[in-house]
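In the two assemblies presented below, chain A is common to both, partnered first by chain B and then by chain C.
Let's look at the complex of A and B:
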């Protein structure tokens, strides 16, 4: 096992970075999409149930099925992987962002308006900072989930560590099957944990001082 | 009681989502969502399935496609998928609920953060990797797939069982003991019934996780609707990809809906 890793360390490092890269970029884009959607949704409270129902339905669709649906549109390769990962990444963040924004006390919003903040300023300086810890919790859920989706997207030649798992599968009986599968799986767990720690740190740095627990 | 938004795929937001301030508004919102989720998915499933049947009867399919989408084949695959899902979910409940109960009793209580922590890290393992590694270790087939799915579905039920039991008001437990109930009687007649809604939310999450992951069972000859998808992707037939994806998605939606119905039905009347 050790020789296997040392021999291929360059390639393994490259694929690990690709995996992390794919997930992080997808989650970043997803966070922006989800927060914007959540801001729009919280303006129309009637939409909230609908939004939650849609996100529950979205999360129910198996990722392998979404890859199959996307394939005719986006063809084999990275684009399919990016779209699939981003799609799933949006949903938990959207849900949490709606809950978080909704949880902001209306009185605070009114006071900020009373102090002369524009609606945008009140959103940016009052509502989003107060909702941020909840949104960030959604981002963590999302990131963890995306790691697995990205692995599955490797079936249609998406980038990252999933390729090793499929290689292990196709070489079963061969000498390196288990090495490939272990490197792929453990690699994903390791980056998932590292990114999770980084997100916790990000939380320490970005959660407004006044509401830290 | 405890905070449980209807849990999502990986369910980590059960603990993470704090209760918003206006609790009455929140209940109204959940109700709206619950109603929507009870009505919309079955209707959607029926409509899309009708569309599928229409397409299937009129589309111009070649030999390979016909072979894969023959009704008898499709029904067998659906049955395999359902069997994978239900066997694994039953095992999940049979393991996770007693384990959760054990981890909230006396001496074992201290272990519960440790066990949940380990399970959390386990959840970071990609489902695909878990399935492939188990297949390399134990060989291909239905039962290997069931084992992988069971491991994968454990965490949400375990975590919600522990959360649910911890959320029971201790004064109720004391009251139970006070009127002369044994600790077993308190567990079965007070604590578990009160925790059922939370546990069932976990069961629904597990069902959704398991039915989705069961799609991957095809890679290790475990059967299920993933077969159509896999054939479609490896032969690059759009018709098979879409048909497989649609059928899997419909089944998943139906199972999710079943989970919601179960949740409603098992809720103790007093709550």
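Let's look at the complex of A and C:
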């Protein structure tokens, strides 16, 4: 096992970074998409049921299936992987962002408007900062989930550690099958833990002291 | 209804407030049979406090919110200082109108200083001016800037939050301040203090303040004028507290003002109108023996201790004086602002072991002491006056 890792350390390190890279970028994009959607949804209460239903259905689509559906559109490679991971990453963040924005006391919003903040200023300086802890919790959930989804995206030759897992599966009984599978899996867990710590740190830095739990 | 003779008393100071005129203002919500506000016409004179009172659902808050266009009137005009509010951009308009609501409604994620700085920031003031103004306002509402400016709202008591709310409403020195049940969320003693402080601030600033309340006693105490509304924001009476108590216009007002209006007259008399007693005082740092001798020669059993800036800070009995020099007493002294009402005074006296209360003037300067005797004497005088009329 040790020799296996040492022999391939350059390759493993590269794939690990690629995996982290894919997840982080997808979650970043997903956060922006989800927050924008949540803002729109909270403006039109009628959309809310639709959004909840869609995100519930979305989460039931097996990631393998989604990758399959995407293939004709985006062909084999990184793009498909990024799109698939982003799609799943949006859902938990969207849900939390809607809850977070709705949780902001209406009186505070009215008060901000009453002092002459434009709607955008009120969003940016009052609603988003107050909803941020809840949104960030969604980002953490989403990141954890995306680690696994990203591994599956390797099936369409996406980047990352998923390749090792699939290689292990396809060589069952072979000399290095277990090694491949273990390295892939443990690698994913390690990145997940590191990124989670980083997100906690981000929370410390960005959530106002006045509303920290 | 809108032409009431000027009240005297504020002639010597400049008025920074602006006149507000409502002309046939109507608010009708789609799908509702009754009109929320049905043709309200009203003049709010510059520099006065006008209280909107009425039963819940009478349209008082709606009327208030139409002034800063949080609610858009269906028809009619509202002019502030002659300018029609409907022709202005709503954000610009609101930045020139202070807005204070129940509990202060401070933004929990911003420090006290940031909360106060919101409107100045929106107006593009530079940061040194904002810092200076924030500290000035904290002083004005009686919070030490160095202690409080960096705190978050949740680290403050309800009364302190409300004070910051008032400071925030005054931040950009707006001519008009709107208040919606500003002191509804605090306990009665804190409320009384906040009311006194508001009156003392108003004495310095002379804003036009429009304040919604459901509490007729608060209206009588704070208002230069009171607007009593019934359903559909119909004016039941709009006049000074004296006239409303003395000559209520009809049954509705009588019912609303309630029984015991003789007792309510106590809410009309300010402490400043009655004679204060002046017992022995002493300043922190004086020799205890000197103080005791002075008090005994005056026949006093207790002495009022003032701090270095002339503010009363304690009222110990002589037997409590120990040590060589007078130190600042630890128990908190509940002072009365001299604009507080006799009603408040009785309240405070009842809870004081001296059966009296210390009265302070502007910036908490010591003025004297009010006791039961001075209040009953004043009431007797009023009664005699009434009998003669």
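Basically, the second predicted complex is superposed on the first by the 213 of 213 C-alpha atoms of A that agree within 3 Å, B and C clash if a C-alpha of one lies under 4 Å from a C-alpha of the other, contacts with A are read in each partner's own complex, and residues count from 1 in each chain.
Convention: contacts are C-beta pairs under 8 Å (C-beta built on N, C-alpha and C of every residue); 3 or more make two chains touch, one makes a residue touch a chain.
Just so we're clear, the structure is a prediction, and the values are computed from it rather than from any experiment.
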Which term applies to chain B and chain C once both are placed on chain A by superposition, clash or fit? fit
When the two structures are laid over each other on chain A, which of chain B and chain C touches more residues of chain A? B
Chain B versus chain C as contact partner of A:184, first or second or both or neither: first
So in the superposed three-chain picture, is A:66 touching just chain B, just chain C, both, or none of them (first/second/both/neither)? first
Looking at the overlay, does A:10 come into contact with chain B only (first), chain C only (second), both, or neither? neither
Rounded in steps of 10, the angle in degrees at the Cα centre of chain A between chain B and chain C is 100
On the A-aligned overlay, A:116 touches which partner chain: chain B = first, chain C = second, or both, or neither? second
When the two complexes are superposed, chain B comes to within a least CA distance of chain C, in Å, of 15
Overlap of chain C and chain B interfaces on chain A (superposed complexes): 105
Help me check something: in the complex, which residues belonging to chain C touch chain A? 68, 70, 90-96, 99, 101, 105, 107-111, 118-119, 122, 152-154, 168, 178
Residue ranges of chain A touching chain B (in the complex, touch as defined): 48-50, 52-53, 55-57, 59-69, 71-72, 88, 91-92, 95-96, 99, 102-103, 105, 134, 137-138, 140-141, 144-145, 147-148, 151-152, 155-156, 162, 165-166, 168-169, 172, 177-178, 181-182, 184-185, 188-189, 192-193, 196
Inside the complex, what are the residues of chain A that reach chain C? 105, 107-108, 110-118, 121, 126, 129-130, 208-211
In their shared complex, chain A is touched by residues of chain B numbered 5-6, 8-13, 16-21, 29, 32-33, 35-37, 40-41, 44, 121, 123-130, 132-133, 135-136, 208, 211-213, 215-216, 219-220, 226, 229, 232-233, 238, 241-242, 244-246, 248-249, 252-253, 256
